[in-house]
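Each chain carries a letter (A, B, C and D) given by its place in the written order, and its residues are counted from 1.
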Amino acid sequence: MSLVTVLLTLSLAPLMPGVINRSKAVFAGRRGAPLLQPYFDLGRLLQKGVVYSDVSSGMVQLVPVVNVALFLCCILLVPLGSLPALVHFQGDFVLLAYLMGLGRFVTMLGALDTGSSFEGMGASREAFFAALAEPAFFLAMAGLAKMTGALSLTGMLQQITVEHWLHAAPSLLLILVALFLVFLAENARIPVDDPTTHLELTMIHEVMILDHSGPDLAMIEYAAALKIWLMAAIITSVLVPSGSSPLWLPFFLLLMVILGVLVGLVESSMARLRLIRVPQLLIGAGVFAGLALFLEFAQ
Amino acid sequence: MLTLMSLLLFLLVLTNLTLLGSSRLAFCIRTVAVQGVVLGCIPLIGLHPFTLQHGLLSLSAVVLKGGVFPWLLLRSLRVARVKREVEPFIGFSVSLSIGFFVLIGSVVFASRLPLAGHHNHLIIALAIFTMVTGLLLLISRRKALSMVLGYLVLENGIYCLGAAVADHIPMVVEFGVLLDVWVAVFGMGIAMYQINREFDHTDVDRLTELRG
Amino acid sequence: MSVVLLLFLLIPLAGIAMAMRVRRGAALFWLSLAVVLLDDLCLLVGMSDLPVCLPITTAGGWFYLDALSGWHLLVMLLVFTASSLFALVYFRADLASDRLSIATARRYNQLWLGSLWTMTLTLLANNIGLMWVGMEATTLVTAFLVSIYPKPAAIEAMWKYLIICSVGIAFAFVGTLLVAAALPSGGAGSQQLFWTQLMTTGGYNHLLLKAAFLFSLVGFGTKAGLAPTHTWLPDAHSQAPGPVSAMFSGFMLNAALYCIMRHGAIVNHALGSDMFTGRLYIFFGLMSIVVSAAFILHQRDIKRLLAYHSVEHLGIITLGLGLGPAGCFAALLHTVNHSLCKSLSFFAAGRLGQLYGSHDMDRIRGALRNAPLWGIALVGSLLALIGVAPFSIFISEYLLVKAAIDRQAIAVIVIFLVGSGVIFVSALGHLIPMAWGEGQMLSKKHCSVSAVIVVTVLLSLLLFLGLFLPVPIRNFLDQAAFLTGGVQ
Amino acid sequence: MSPLFWLLILPFIGGLAALLDGRSKTRSALWALAGLTGALLSAAKPVFMVLVSGNNIAAALPWSMVAGPLELVLDPLSAFFLLPVVVLGPLFALYGGAYMRHYRQEGHWHGIHWFFYNLLAVGMILVLLTRNGLSFMVAWEVMSLAPFFLVLFHDREKTARHAAWIYLVAGHLGGILLLLFFLLLGTSGHSLDFVTFQPQLLSPGLRHLLFALAFIGFGVKAGILPVHVWLPEAHPAAPSHVSAYMSGVMIKMGIYGILRSIQLLGGPVFAWGMVLVLAGVSSGVLGVLFALAQHDLKRLLAYHSVENIGIILLGLGVGMIGISLGRPVVAVFGLAGGLLHVLNHSIFKGMLFLGAGSIQQQCTSLEIDELGGLKKRMPITALCFLIGSAAICGLPPLNGFISEFLIYFGAFQGQTVASAAAAWPLLLTLAGLALIGGLAAACFVKACGIIFLGSPRSTPAAKAGETGPAMYLPMLVLAAACCGIGLAAPYFFDLVRYPLAVLLPASLSPSPPFVGAVGRLTIISLVGGGVIILSLGTALIRFFLLRQRTVCRQPTWGCGYLYPDAARMQYTASSFARSITLFFDTILHSRVEGAVPGEFFPARIGLHSSTPDPLTRFCFTPLFSGIAKFLGLLRWMQHGRVQLYILYIVATLFLLLTALAGGWL
C-alpha cells in the first residue's frame, strides 16, 4: 500500500508547477498553458543534447545526478495524507531537512563551477535565504512535536486530530503559515523569487541552473518538482485528518491542488519582494513558529 | 657635671641651627666637625660609668669626626673647586624656622616616649632633632657636598640616640659602625671627585639622566 | 665543623690579599673564581649533610649558621659561582683590548671578593648589630663595582646608590638600636643582641619593638628594593657591568631581605603572632608588584626591565613572608628560583648589550639568530621569570597562591594575579621582538665553554627545580621557613 | 613498564632526538614521526580496552613533585580524547615532514620545531592522564607553551610574532583562572588529588564560582566566544600541520577540561547547562558569521573552529540540562552528540587545514580571491577538501551529520517533555543549530566554490599542481574516515558509550536510549548509503541518455562584453558573502577601503574589504590600552632627583610611624 506514495509522488509531482502556472494564468485572465505542460517540457529536454562551459570541472554534471537521487530518497521519508512514510523513525525530519541541504549545497557549487558571476549571485542569495529558512522549519517541527508528542514526521503530521484544532487552532495556524512561507522560499516562488522573469540579476534558483541544458536540466526540473510536491505534501498532511477512511486520497489530492492554486493566487496578486526585504519575510516565518511554540507552552 | 652636659647639648642645638642657616660650605663642614666633637664627648659625661672602652670609643669618634672628616671634605672641596655656596631648594630662613619647630616638636615627642628605664629624654629629643636636621640637609640642598654633610649629621643623630637608649651595644659593633661611617664618607668623597671629573659640576639635582 | 664558618670568612680575605700580587688581568678573574670555588668546596666538604648539621655556632657565639642563613648561604654561593664564571666571558674582550686596565681589573676583583666577604659576614653574624655592619659594608664595597667603568651615567647611578642606601641603612641602624632599647632593662652583657639570645628572652617593650621593626623594614627594605624605596635599584642595575648586576639582584637584595626576616622573626617571637609583620610584608610586597608592573609595561632599556623584575620578585618573596609558614616556604623557594633565573637573565642581557652595543630593547632584535646561546638564555630566563611552567618560578608562585588561599586572603590573590598578569603580558611583548624580531645582523661570535656551561647549568637547574623537589631540600626549606616564622 | 609510561615517554624521546639531529629537515621530521608512532602503538591497546570495557587503567610514576608521586589514570573519558591525539599526531607529522620541505630557511634548526611539536603531544597526553591539580597545571602550561614556539616558526613575519604573543597571553591568563579553580577546589579536600576533592562540602555559590573559573579558563583554550581571540591569529600564522593539530586536537583539551571539571564539581546543575547552551549558540553563530566575512582561508577555518566548538558546547549543554532534569534520553543524546562531534571535528578540521597547507604550498597564497580553478589542477586535494567541507556543514551521509543529528534529537526530545522554563535553551539550541548549519553551508560553498571552481584568478593559481603523496595520503585517510563514520555510524557511536557513563550520574542508566539511538543511526547510515547508490544509478542513466547526444563545450557567456575576461569577471569570495555580511554588519563592522566608479570614464579603482575581529577591536584592545594608560600614571615616581628619592624613604617611615602611633598597625 505504501508503495502508492512513491508511485503517486513520482507520477504526479510535475503536475504541481502545472497547476500553479495555470492558476496564475487564469487569475491573470489568460487561458495559459495546459496542465500537463511540465511533462511536455521534460520530454522535450530529455531528447536534446547538452552544452557545458569549458571552465566547468565536473561539478555541473554532479548537480542533476545528486538532486534526483536525493529527492528520490526524500520520497521515502515523507508521508502522504494518512499514509505513513516508507521509512519513518524518531527525528527523521532532521535527515529530510539536511538531505535537502545537501541538494542545495551541490546546486550552489555547480552554479559556481561555470565561473559566471550571475550564477554566483544566485548561489549567494540561495545560501543566505536557505540559512534563514532552516530555523523557521525546525521551529515549526518543534511546534508540531510539542503538540503531538511524536518525534517522527509521520507521527507529527498524522496525529493532528480534531481536538488539536479545537484546542490549539491558533498555534496550528501559525505553524501552517510558517511552513507555507518556508515552502515559498525553498521552492523559489514569489514573493521570494520570480521563476518567470528573464532578468538574471533578480533571480535566485533559475539563475543558478542557467548553464544547464538538455537531460541535465530535465533532471533538475524534475527534482525541483519533486521538492515542491514533497513540501506541499508536508503542509497538506497536517490538514488531512488521521484514521484510514478511504476518502482520504481524493481529499488529499484536492488539498494539493488548492495549495497550488493558493500559490498561484499569491504569485499573481503580489510582486516579488526586494532582495533586502526577503530576510525579513523568512525571519517572520521563524517568529510565527516561535509564537506558536510560545502559545503551546503557555497552555 | 650637669652644667657641662647642658652646655654640650646647647652646643648641639646651636650647630644644628647653624647648619640649617649658614650658606658657606666650608663653614658648614667646620660646624659638623664641632658637632662631631660635641657628640664624642656626650657619652663620657654622665651617661655611663666611665670605662676604658667607652673612653677609647669616644676618643676615636672625636678624632674621626672632628679631625679626619673635615680634613677630607675640605680637601675635596678644594680639589673639586666647587662654588662655595650651598644653594638650597628651601631658603635659609624657612629651613631655620622649620628647624625651630622640629626642635620643639621633638622635645615634646621625646617627653612622652615610652622608654622604660631611660630617663634622659632631652638627649633623645636632641638626637631626633639632629637626625631630622640631617634629613633636611639631605633633602633640601643642591650640592653633593652638602648631602654628605647631611648624611654625617644624620649619623651623628643616630650616634647620639644610640648613646642615649642602648646601653648594651657591644664595643665591636660600635667600632664597626664607626668604621662604616668612615668608609662611607670616604667613598662619598671619591664619588664627589668622580662626579666633578665627569660632569665638571657637583649639582646633584642635575644628575637626572636615569629616569623611568 | 664550626671551623668551616671561619673559613668562609677567611678565604675571601686571603683572595683579596693575593690579588695584590697578581700581575695579569685574566688571572685576577680566575683568582676570584678559584676563591668562590674554594668556598663551594668548603660547603660541600664541611656541610655535606645539610641541613642536618645545622645550626652551627662558633667564635663564642658571634658566628652562627642555622637553616635560614644556611639556605641563603647556598643561594649566595650559587650566584657568586655563576657570576664569577660569567665574568670570565664578560670581560674577556675588554681585557684583550685594554679597555679594562690591570689596576681596574684588580680593583674590580678585590671589590668582588670584598662584597662576597661582607655578605658572608651578614649571613654568619649572630649579633644583629654586626649583621647591620655587614650590610652597610656591602653597600660601600659594591658601590664602586657599579662605576668600574667610569661613564657619567654609571657615576650618577653609583652616587644615588651610595646616598640612598646609606641613608636607608642608617635608619636600619636606628631599628637595631630600638631593638636594644626594647629589651627589658637590667640584663647587660655583650650576648644581649645575639639573635639566638633575642629569640629566647621575653618581656620586650612591644611598642618600641614594633617601631624598631618599622625602621628595619624601611631601612633594609631600601637596600632590598621594596617599593617605594626601590628608586636606586634600576639605576644601579642598569649601569653596573653584567656580572655585578647579576650578583646585585641575584643575592645582594636577598641579603637585605634576609636581615628583614631576622628582625621580623624577633618581632613575631616577642608578640607571639605574625599578624603585625604579616600585614606589613603583604603591603610592601603588593606595592612592589604593582609599581614594578607599571615600569615594566613602559620600558625601553633591557637591564632596567630586569631590574624592575627584581623589584617585582622581591615583592613576591616579601608577600610570601606575610602568608604564614606555607608562605615562608614558598618565599624561600622563590628566593633560589629568582636568584638563578635573574642571574641568567642578567648574563644574557649583559652579553647581548655588549654584542649589540646598546641596552635599548628597540636595538636588540633577533637575538636567537644573532647569538643563539644568549638568545636561548634570554628566552628561557625571561619565560621562567614571568612564571611559565615547567620552570621553577611557576612552582613557587603556585605555592604562594596556595598559601594565600589557605589564608583566604582573596584581595591579596587578586592584586597579585592582576599585577603578575600585567607583567606577563608586557614582558612577553618585550621579549618576542628581542628574541625573534627582524633587525641588524651581527657577525657570529663563537661562544666559549664557560658561557655554555653557565647557560646550560642554570637553565637545567631552573627546569629541574620546576619538575622535581628533592626531599632534603624540602626539609631544609621547612626548617628555614619555621625560623622565619619565628613563632614557637 | 606500564604502556601509559611509554605513551608518555616515547614522543618525548622522539622530540629530543629530532632536536639533537635537527639540522636535517627530513631526519628530524622522521624522528618526531617515529616518536609519535611509538605513542600510537603503545596507546592502541589500552585505549581500545578502556573504550570497549569501560574499566580504568592506572599507573604511578616514582616522581617527587611538590605534589608527591605522579599518578596516571586512563579512564574512558581520557581515552576518548586521547584517540585524536595519538592517531592524528603521526598523520599530521607525516604531512608536515613533506610540507616543511619547501621552507628553504638557511641555518634554521628544524629540530626545534619538531621537538615542540612532540612536546605538544606529550603535554596533551599528560593533561589527559594526570589526576592531580598541580601536575595537571604543569602539563597544561607545557601544552600551552609548545605551540607558542610552533607558531613562531615564521618568526620573520610580524604577524606571526603578534599571533604568538596573543596566543601565549591568552593561554597564560586562562591558566591563572585554572590555577585558582584547582586551588579553591583543593580546599575542600586539603589535597589537589582529584580523588580527594569533596565538592559536596562547598557552598553552592562557591561551586558556581568554581564552574565560572573552569569554564572561562578552559574556554580560552577551547576558543569559546568571547575569549576566542587568539584562534584567528595563531592558526593562520602557524605551519599548516600545526594549525591542524592545534585546531583539530589541542582546543579539544579545553572541552575535556570543562567536562572533567564538571565531573569534579559533582555533576552539573541546570544553570550550567544553560550557560553552555548560551555560550554554544553565541560561539556557533558569531563564529560562522566572522568566518563568512574572512577571505584568508586559514583565518576562515580558524573561525569555523570557534563555530564547531559552539556546536560541541550545544551538545554538551543539552546533555547537562538532560542530566539536571533527570531525562536519560536528552542527557545521552546531547552528550553523545557533543562528544562525537569532538571526534568528527578533529577529523575534518584537521583535513581542511592540511588542504589549506597544500594550497598554500602550491599557490604561495591563501587569499581566497586570488585562487580559483584548482579542482582541475589539484584533483585529490580538491576532492578531500570538498568532502571535508560537506562534512563540516553537517551534511549527510558524512560524519558531521551524525553528531549534529544526535544533538538535534536530544533537544527535540527534551523540549517535548520539559517545562517552559527548561525548554527554552533547548529551543534555542534547535534554532541556533539550524542557523549555524545554513550559514556554514554558505561559507563553505564560498570557500570551495571560489578556490576550486571557476577559472584561476592569479598566475600562481594557474600554475599550481597536485602535491606529493606524503601530503595527500593523510588527507585521503581522513576523508575516508569522514565517509566511514557517516556510513557506519552505529559502530562509532559505541565509542562514546563509556565516556558518557563517566559523566552520567548513577541514577540515569544510558542503556535504553542507547538502543534507540543505535537503531536510528542504522537507518540514517542506510539512507546515506541509499543516496550514494541512487546517485550512481542516476549517473548511469544519465550516461546512457547522453551517449548518443551531442555534448559540446563553449566558453561561459561573456555577458555581451567584447573581450570577456572570465577570470576577473567571476564572483569573488567577498562578493559572494556580501549580502550576508551586509545584513549582519551591525555585528561585523567590516571595513571597506576604496570607492565604486562614479564618472563616465572611471579610472583604475581598487576596493578592499576586511573584517578584523570585532571583540579584539571593541573590547580587548581598549581594555589593555586603558590599563597601560592607568599604569603610565605611576611612572613620574622615577624622575631622577635623588633628594626626592630620600624624601620617599622618610615619608614612608613617617607614615608607618604615625600609623603605629595611631594604633592602626
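Quick note on the criterion: a residue touches a chain if its C-beta (ideal position, glycine included) is under 8 Å from a C-beta of that chain, and two chains touch if they have at least 3 such contacts.
Small disclaimer: the values here were computed from a predicted structure and weren't measured.
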Open item on the list: My parser should flag the chain pair with the most contacts; which pair should that be?
Closed with: A-D
Task: Relative to chain C, chain with the most remote C-alpha centre - done: A
Open item on the list: Using mean CA coordinates as chain centres, what's the gap between chain B and chain C in Å?
Closed with: 31
TODO: Please work out the Cα centroid separation of chain B and chain D, and write it as a whole number of Å.
DONE: 70
Task: Euclidean distance of C-alpha centroids - chain A vs chain D, Å - done: 36
- [ ] Measure off the straight-line distance from the CA centroid of chain A to the CA centroid of chain B, and report it in whole Å.
- [x] 101
Open item on the list: Two or more other chains touching the same residue: where does that happen in chain A?
Closed with: none
- [ ] Find every residue in chain D that makes contact with two or more other chains and list them.
- [x] 635, 638, 642, 646
TODO: Give the residues of chain C that touch two or more other chains, as numbers and ranges in rising order.
DONE: 159-160, 163, 167, 207, 234, 295, 298
TODO: Can you identify all of the chain pairs that touch?
DONE: A-D, B-C, B-D, C-D
Task: Touching residues (chain side chain D, partner chain A) in the complex - done: 372-373, 375-376, 386, 390, 393-396, 401, 404-405, 408-409, 412-413, 415-416, 420, 423, 427, 430-435, 437-439, 441-442, 445-446, 448-450, 452-455, 516, 519-520, 523-524, 527, 530-531, 534-535, 537-539, 542, 545-546, 549-557, 559, 566-567, 569-571, 575-580, 583
Open item on the list: Help me check something: in the complex, which residues belonging to chain D touch chain C?
Closed with: 63-66, 107, 134, 137-138, 140-142, 145, 152, 155-156, 158, 161, 164-165, 168-169, 172-173, 176, 179-180, 183-184, 186-187, 624, 627-628, 631-635, 637-638, 642, 645-646, 648-649, 652-653, 656-657, 660, 665
Task: Touching residues (chain side chain A, partner chain D) in the complex - done: 46, 48-59, 61, 64-66, 68-70, 72-73, 76-77, 87, 89-92, 94-95, 97-99, 101-102, 104-105, 108-109, 111-121, 123-125, 127-128, 130-135, 137-139, 141-142, 145-146, 149, 151, 211, 214-216, 219, 275, 279, 286, 290, 293, 297-298
Task: Interface residues, chain B side, partner chain C - complex - done: 114-118, 131, 135, 138, 144, 147, 151, 154-155, 158, 161-162, 165-173, 176-177, 179-180, 183-184, 187-188, 190-191, 194-195, 197-199, 204, 207, 209-210, 212
Task: Touch list for chain C against partner chain D, complex - done: 159-160, 163-164, 167-168, 171, 207, 210-211, 214-215, 217-218, 222, 228-229, 231-232, 234, 276, 279-280, 290-291, 293-295, 297-298, 368-369, 383, 387-390, 394-395, 398-399, 401-402, 405-406, 413, 417, 421-422, 424-425, 428-429, 432-433, 436-438, 466-471
